[in-house]
Amino acid sequence: MVLDNLIQTFVFGIVEGSVIAVGAVGLTLSYGVTRFINFAYGEFLTYGAYLAVFIAGGLFGVSLPLPVAIAVAVLLVGLLGVAVSRVFFEPISHRGALPLLITSIGVSFILRNLLQGWVGVDARQLPVPLLRRKDYFGVQLTELEVAVIVVGVVTMLLVHLLLQRTMLGKRMRATSGNRSLAEVAGIDTQRVVRQTWFISAAAGALSGVLYAILFAPFRPGVGFAYLIVIFAATLLGGIGRPYGAMLGAFIIGIAMNLGSAYLSANYTRAYAFVILVAVLLVRPEGIRGGEF
Amino acid sequence: MALLTGWAAFLVSVGTIGCIYGLLTLGLNVHYGYTGLLNFGHVAFFAAGAYASAIVTMPPPSEVTNASYQIWFNLPMPYAFPVSLAAAAVVGGALAFLIGLTSVRLGTHYLAIATFALAGVFSDVLVNEAWLTNGSFGMNSVPKPGRAMLSADVWQLSYLLFAAGSLLAVYLLLERLMNAPFGRLLKGVRESEAAAKTLGKDTNVVKLKSFVIGGMVAGFAGGVYAHYLGSVVTAQFIPAVTFTVYAGMLLGGAASNTGAVVGAFTVVAFRESTRFITTVYNWIQSTLPDALSGVLPTVFSPLPNNPSFIPSMRFVVIGVLFVLVIRYRPEGLFGDPSEIQALGEED
Amino acid sequence: MGIERRRLIKHTGGLAGITALAGCLGGDGDDGSNGDTTAPGGGDDTDTGGGGGGGNNIRIGVLLPFSGDYGWVGANVLPVVEMLVEEINDGGGIDGRQVSIVQGDTEASPDASVSATNRLVNVENVSAVIGPTSITMSAVIDTLVENEVPVVTPTAGTTSLDDRGGEYVFRTVSSDSLGGRAIARAARDEQYNSIQDYERMALMVGNEEVFQSFKEPIRSSFEEFGGTVTTTMDIRTGKASYTSEVQSMMDSDPEITVLVASVEDSIKITEAGFQAGYEGNWFATQDQTNQDFLSQSDNRVTNDMLGLNAATYQPAEEAGRLQGFFDAITEYAGWDEGSRVFATNTYDAMNVLGLAMSQVAADGDDLTGPNVAAAIPTVARPPEQAVTSYSEGASATADGTDVDYQGLVGPIDFDDDGDIVAPFSIRRAQDGAWSEAGRLPPEAL
């Protein structure tokens, strides 16, 4: 019984870790090529979840089936990411990390409050069925929770293949390693940056949709509130390191669930940060060193 | 005889809040403007000061509705006022010391996120530890010094004068400090850690001192705030406070104390003035001749009709302010472009 | 939208007026504040006498959330107040003075409510306040009482008022301690819930004042009625997930779980229970016993769920007064239905307040806070002539008759703490709709 509970809680941590991992990978990829932490990243989660609700709910005239709606929402947010980069970040990209970082705070205020002003603060839900948990090898999960894990794992595999097997991945790694050297080598780094923004924002949107599937209902502040959890995973894994971010995400997810179940349910977020700060004290570069 | 009516009373309260934000901005400016420390958890020091003042002066729980706090000192006003403000500054500084111990040696991004996250943990503590903070009910009987002796209006005016005096005192103190060798040391750390190290300075200690000074100023602001409102509640201390203070500092000009104060007042004035948008709309509408009365509703009808529209737009403007200032005038209104140059550099 | 804008315009028709008013009334700026140190005199009236006709209005503050998550409370209350103020003014006002309304938006947040209250009390010098809600009660109650402002709230059930009111603070809504007792009674006894006699109850309560207020009454009453409380949990509001909390609740193996939380958190909690295979039932308070909650929830989760609501007051219903009010307010405010939450409570609150003021005027006294507050229980309690509206009562008080106001939510006989008793209705959810499962008269508690 005690052991069952422990395993169950652990698996819940993995489910939530999948959501965090998708978001953390997206964030860390964009850091790799832009070299600043994007505080507007949480809004990509929010926009992903809201757009999926709206597109599935027929707000734009047609009501698409949920999986299609999610795909469309993820693509749209990817484009939004590119637009945000072109409008707000590219014009000041030569000025160093600090102006970019502060601009990203402004962008997060703009995006979040435009959405909130438009749709209000009412709580929303994705039209997903409510299911009872089933037994999978002694662990109780709903089919949606299993799906969240699967989507998380597939996303991480895709990111792995992207980085290791495609030209874009090689260019991204090159740009991340040394931007001016990459340019000398004939890589159109601006193009790489935009493509990375697309992937990063789309991953954020997907993470937001997964979050919305697990934790409905939600409000326009949802992405900003979850941002620090994603930050924790990203930093834990070593900033700019996709594999580290994945590992960090599962550690954070499991820590939050174990802490809520066994210590106090009122400090869920805090467990993530305590681990983060502890790791920073011992090993400021994160648990996983090395580039990409 | 009443001194304050209508708009005058409103302006006095906006002015007082402006002074409190001015103090907050001065504190942040020590961190960011002078030392280059990207502190995204400023609101935690503000909250720490406000709660310290509340705990020092709150009456016993038995006299208060819905009380669950177990620590109170009930020091008598008005003599406890300076003690309370000192406590606020000390607790604000102590929290800054604790957070700084773990964080100041981290690089820009790690510091930004660590302070942001620790401020989040601190706000969790404020909500959850009701024995200390009275939880989400808040401490709502913080005494207002001198209120018993003065009429409401006179008290409001006196408190504004006190807040303005405090702001001036802190301003002069910081101006002096920043022009002293210590101030130059802070700027030296900001501009080149390596150079400061070769001069034999422990940059982490310098940064920690800067962190504590700014935290004390913010804590002090919290004390002034607590005794002004008479009410300290967790919901007041949200991340938006930190970023509003940033907006004021960037607008006024980082590394300029004058800029910090002017920027803070501008942002507070803007925020408060947006509360009158509907009033102005209705006033215009009521003065228009009947023939034109359909014009405004037609112009504005595409806008969403939800009560959060105007509050949301307020923050959109603050966001735009961040973007525009950084892009077009990074030194703000009063800053020195050469100082800002140094801020943008990474190690 | 049309209605909203129209109302705003009508309302601020004179923002200029209000400002000017404040200017004219400058004289009594420190009246309220000195109230606690000097003898409460009639300064209010004499000072304003010189203020001129336009500045002679009696101002009533409406201190409620008009924006934010609880904006619906203000939206439900304000039109009712406006309708009654219009009735009062059409009848010549009180003591020859017109009544005007000043809004104070608490935004359901303590700090906004503190500034709104200070503005109403110190700047606008309101003669009385309708509101506030439980959410901001702790933040503002001391200011209001210290300044001797009579308060009649149609919206605050919080138990923190249980032993505080009666002098300046009154309410036309049942205390949560009665509501909590009603929940315990109804859960314990099949005749009220139409399902079973529940013996084992778990209690999950949000960590905000508006929810915490129910906790102790439910817990102690349920034990008093012979039940067992398996666990009492404070839950943090606004969390992403309540899986752990629901697991601990289920570990205590209750037959029914009372859920005192926001609609949003309640959806998360009940769905988490469903996913985890919770077999017991749920019992909710007024906050969730509405269509909004059911339409956002899955019927499989909410079927058989129990909810607490105020019951209609039989005499008011039988005499057709309830329907009369619904018809009047739907026409006045353009509502779809008159039975919005707090509408009838507001009708009673404003009538009582108006009658108290007209009683003070009839006695030839000044409309000071203490005088009005003292008249409130007098006009609401028996004996003497029963009246059911302001107009009816005002003419009676003018003739020197002591009146006893009979309201829509109950007979409105304030006890020594300014509280009323009213019957409760127990609702049961079935296929996405609430229906009445039982009715609890005050005697059953």
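First chain written, first letter: the chains are A, B and C, and each begins at residue 1.
FYI, contacts are C-beta pairs under 8 Å (C-beta built on N, C-alpha and C of every residue); 3 or more make two chains touch, one makes a residue touch a chain.
Computed from a prediction, not measured in an experiment: that's the story for all the values here.
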Task = Determine which of the two chain pairs, B-C or A-C, is joined by the larger number of C-beta pairs in contact.
result = B-C
Remark   = Taking the mean of all protein C-alpha atoms as the centre, the chain whose own C-alpha mean lies closest is B
Whole-Å gap between the CA centroids of chain A and chain B = 31
Chain centre separation (chain B, chain C; CA means) in Å = 35
Ask   = Between chain A and chain C, what's the gap in Å when you average each chain's C-alpha atoms?
value = 43
Sequence positions of chain C contacting 2 or more other chains = 68, 207, 236
Ask   = chain A: which residues touch two or more other chains?
value = 121, 266
Request  = Could you tell me which residues belong to chain B and also touch two or more other chains?
outcome  = 127-128, 307-308
Query = Inside the complex, what are the residues of chain B that reach chain C?
reply = 1-7, 9-10, 13, 65-66, 127-128, 135-138, 140-141, 148, 150-156, 229-231, 233, 235-236, 278-279, 282-283, 285-286, 297, 301, 305, 307-308, 311
Inquiry  = Using the touch definition from the top, list the residues of chain A that touch chain C in their complex.
reply    = 5, 9, 12, 16, 121, 123, 125, 130-133, 140, 142, 211, 214-217, 219, 225-226, 257, 260-261, 265-266, 268
Message = So in the complex, the part of chain C that touches chain B is made up of which residues?
response = 1, 4-5, 8-9, 11-13, 15-16, 18-19, 22-23, 25-30, 32-34, 36-37, 66-68, 71, 109-111, 114-115, 118-119, 121-123, 137-139, 141-143, 158, 160, 164, 207-209, 212, 236-237
Chain B residues within the chain A interface of the complex = 38, 102-103, 105-110, 112-114, 116-118, 120-121, 124, 127-128, 243, 246, 250, 304, 306-310, 312-316, 318-323, 326-327, 330, 343-346
Inquiry  = Residue numbers of chain C touching chain A in their complex, please.
reply    = 68-69, 207, 235-236, 239-245, 247-248, 263-264, 267-268, 271, 274-277, 296, 298, 300-301
